[in-house]
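In what follows, subunit A forms one complex with subunit B and a second complex with subunit C.
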Partner chain A sequence: MSASLISMVTALADDELVLGHRHSEWTGFTPYIEEDVAFSSIAQDEIGHAAALYALIGQMTGDEPDKLGLGREKSEYRHAVICERPNQDWAYTLARHWLYDTADSLRLETLEATAHKELAGLITKMRREERYHLLHADAWMKRVAGGPVEGRTRLIDALHDAFSEAMGLFEPIELEEDAVKEGWLPVPSGELRIRFAHKAGEALDSLGLPTEIRSRLDQSAEFVASSSGDLIADGETHEDGVSIPSGLGGRSGEHSSDFDALWDDLTHTFREVPGATW
Partner chain B sequence: MVTVPTTSLEDEVWAALQSVKDPEIPAVSVVEMGMIKAVEVDGQAVSVTVLPTFTGCPAVPIIKEDVTSALARVSGVEAIQVDFTFDPPWTTERITELGRKKLKEFGLAPPTGTGPVLITEIGLPKVSICPFCGSKKTRNENAFGPTPCRALYYCEDCRNPFEQFKPV
Partner chain C sequence: MDTWEVFRRYGHKSAFEHCGTVTAADSEMALLMAKECFLRRREGEHLWVVNRTDIHSFQDETLLEVAADKSYRFPEAYRDVVVLRERARERAEQLAGEAG
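Coming up: the complex of A and B.
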């Protein structure tokens, strides 16, 4: 059993679970019915991926997958902060969906070379399903970026918020160095972050979206630490005047207040009815 | 693929597996779906390794129960082990010819085979063959559907919406 492997798989599983939960909140509320089906199905895929990853961790630790997914304290979750942000409007939902799935496809592509054979098989399986998520997001980005002014403006505003926060997906995981050394993590998070910034940046250019969307990118990409040494989730200005980029800290369990209500909802049944099956 | 059985108990085990259906697609057995990776018979102990079709498929625990109870009904089987693995990952290419035929009869367009296929921007065949009337005048409506394995199409000829098994 390797602590760094568990750390890596937990971060991945938590991202999928929490964003899957947010996607599921669209069930019954999307602008039109085909998207209701799409978001519900994507949510089911993401939560299914999380369940399979928790089961893999359970094989190593002996924990029940449900307990790993639903039985932890807030500070024990290791997803990136962008995953827990509320859906806001359709534009923000699409912006985050696209950023996440662009990032996820890069990360899963490299993870197929992980030294853990069963995980590598699962990653291959996940990639074949995730492919449809990214194509769905790409198609929507194209449609809205090239569409009427209001939708385009809303999308640009949403990307302003979400682009720098997406960098939090590539914050180093706990025990990152060990995970690289032991062969679990084939490409370090920092390297993936650079690849992601390039890929997403180029895509935004080809969609004709303004480059200012990336204005905060360099700053946030450095992962400025707070005075206590901890990375923190909410953007704030500290007494020394240094602005802390938002969206960081998730990989060390520092979440924003947006996670409070989500966690309550997500874990409610598990806490109220111990041992419930569904 | 089904290998040539070497013992009669193994024969019976395969026959029992043939009776286990995917609860969401009750027309097709887990054998025809290509979900059985391996069957091992050691004396009276049987172990079966199953490949889940889609990662988030809620049918998986039900399939596990169904495989276990089908094997329990085979006389001579004393110990049963059912495991799932993602190694190798299940793909739609694993569905047998008979399985594809049964999918179509069930009203679910089977996943398209190899060969040049025009793909839409959401990654699916531009045209699917309508399982009801055989028309190619169909269009993709949604890459997603009521279960993780299905996409939605519409037939312009018989005017039926239908589902296509999604290639993965």
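Coming up: the complex of A and C.
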């Protein structure tokens, strides 16, 4: 059993669970019925991936998958902060869906080369579904970016909020160096972050979206380390005057207050009815 | 947005069957929606969407009503013929025998 492997899979599973939960909040409220079905299905896929990843961790630790997914304290979750942000409107949901699935496809592509054979097999299965998620996100982005002014404007505003926070997906995981050394993580998070910034930037250019979003992305592509060496998780201007992107800290369990209500909701039944099955 | 008629089939040997409609702005979105609405539980392996405006029918569908008795166009109408034919053959053989 490797602590760094568990750390890596936990981060991946928690991203899928928490974002899947946010997506599922659209069920019944999506702009129209076909999209309601499609987006709910994507939410189910993400939660299904989380369940499979928790089961894999459970094989190593002896924990029940439900306990891993629903039986932890808030500070024990390792998802990126962007996953826990409220849905706001469809534009923000779309911007985040696109950023996440663009990032996820890069991450999963490289993870197929992980030294853990069973995880590699699971990643291959996940990628079959993730291919649809990215197609879906790309199709929506193309239409909203090239569509009427209101939608386009809302999308640009949403991307301003979401872009820098998406970098939190590539914040180094706990025991990152061990995970790389032991072969679990084939490409370090920092390298993936650069690839993501490049790919997302190019996609924005081809969508004809304003370049200021991209320049903001480039800026936030550099993490700012505090004097203690920790990554700084807040959006405040730091003492040295450098503006620090928000959305960091998730990989070490420092979540925003947005996670409070989500966690209550997500874990409610598990806490109220111990041993419940469904 | 347009209305798209959705067809699906399972395997290469069966025919495409109509399974419903989706509303979408264009064919790409229609396919993306139709996949989740109609193929999410492996109900098929192939999918078509057709813009409803590309489907044509008679303006006056009373043309399709059958005016007269068409029973003679079905094979069942000829079941009795076999019996009659056999009877005629026996009769012919009988007549030939009498003549000989």
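Everything that follows uses one rule, which is that the second predicted complex is superposed on the first by the 260 of 278 C-alpha atoms of A that agree within 3 Å, B and C clash if a C-alpha of one lies under 4 Å from a C-alpha of the other, contacts with A are read in each partner's own complex, and residues count from 1 in each chain.
Definition applied: a residue touches a chain if its C-beta (ideal position, glycine included) is under 8 Å from a C-beta of that chain, and two chains touch if they have at least 3 such contacts.
Bear in mind the structure is a predicted one, so any value in this text is a computation, not a measurement.
Peer 1: Could you classify subunit B and subunit C on subunit A, in the superposed arrangement, as clash or fit?
Peer 2: clash
Peer 1: Touch test for A:Tyr132: subunit B only (first), subunit C only (second), both, or neither?
Peer 2: Both partners, subunit B and subunit C.
Peer 1: Could you look at A:Lys117 and tell me whether it touches subunit B, subunit C, both or neither (first, second, both, neither)?
Peer 2: first
Peer 1: Scan A:Tyr32 for contacts with subunit B and subunit C and give back first, second, both or neither.
Peer 2: Touch partner of A:Tyr32: subunit C, not subunit B.
Peer 1: Just subunit B (first), just subunit C (second), both, or neither: which does A:Ala52 touch?
Peer 2: first
Peer 1: More subunit A residues touched by subunit B or by subunit C?
Peer 2: Comparing subunit B with subunit C, the partner touching more subunit A residues is B.
Peer 1: Please indicate which partner A:Ser41 is in contact with in the superposed arrangement: first for subunit B, second for subunit C, both, or neither.
Peer 2: both
Peer 1: Check each of 40-48, 58-66 or 76-84 in subunit C against subunit B and return the one that clashes.
Peer 2: The answer is stretch 40-48.
Peer 1: So subunit A touches subunit B in one structure and subunit C in the other; where do those two contact lists coincide?
Peer 2: The overlap between the subunit B and subunit C interfaces on subunit A comprises residues 34, 37-38, 41-42, 132, 135-136, 139.
Peer 1: Can you tell me which positions in subunit C touch subunit A when the two form their complex?
Peer 2: Answer in residue numbers: 22-25, 28-29, 32-37, 40.
Peer 1: Applying the document's contact rule, which stretches of subunit B touch subunit A when the two form their complex?
Peer 2: 54-57, 85-91, 121-123, 141-146, 148, 152, 166, 168
Peer 1: What part of subunit A is in contact with subunit C in the complex they form?
Peer 2: Checking each residue of subunit A against subunit C gives 32-35, 37-38, 41-42, 132, 135-136, 139, 143.
Peer 1: Touching residues of subunit A toward subunit B in the complex: what are they?
Peer 2: Of all residues in subunit A, those touching subunit B are 34, 37-38, 40-42, 44-49, 51-52, 117-118, 120-122, 124-126, 128-129, 131-132, 135-136, 138-139, 142.
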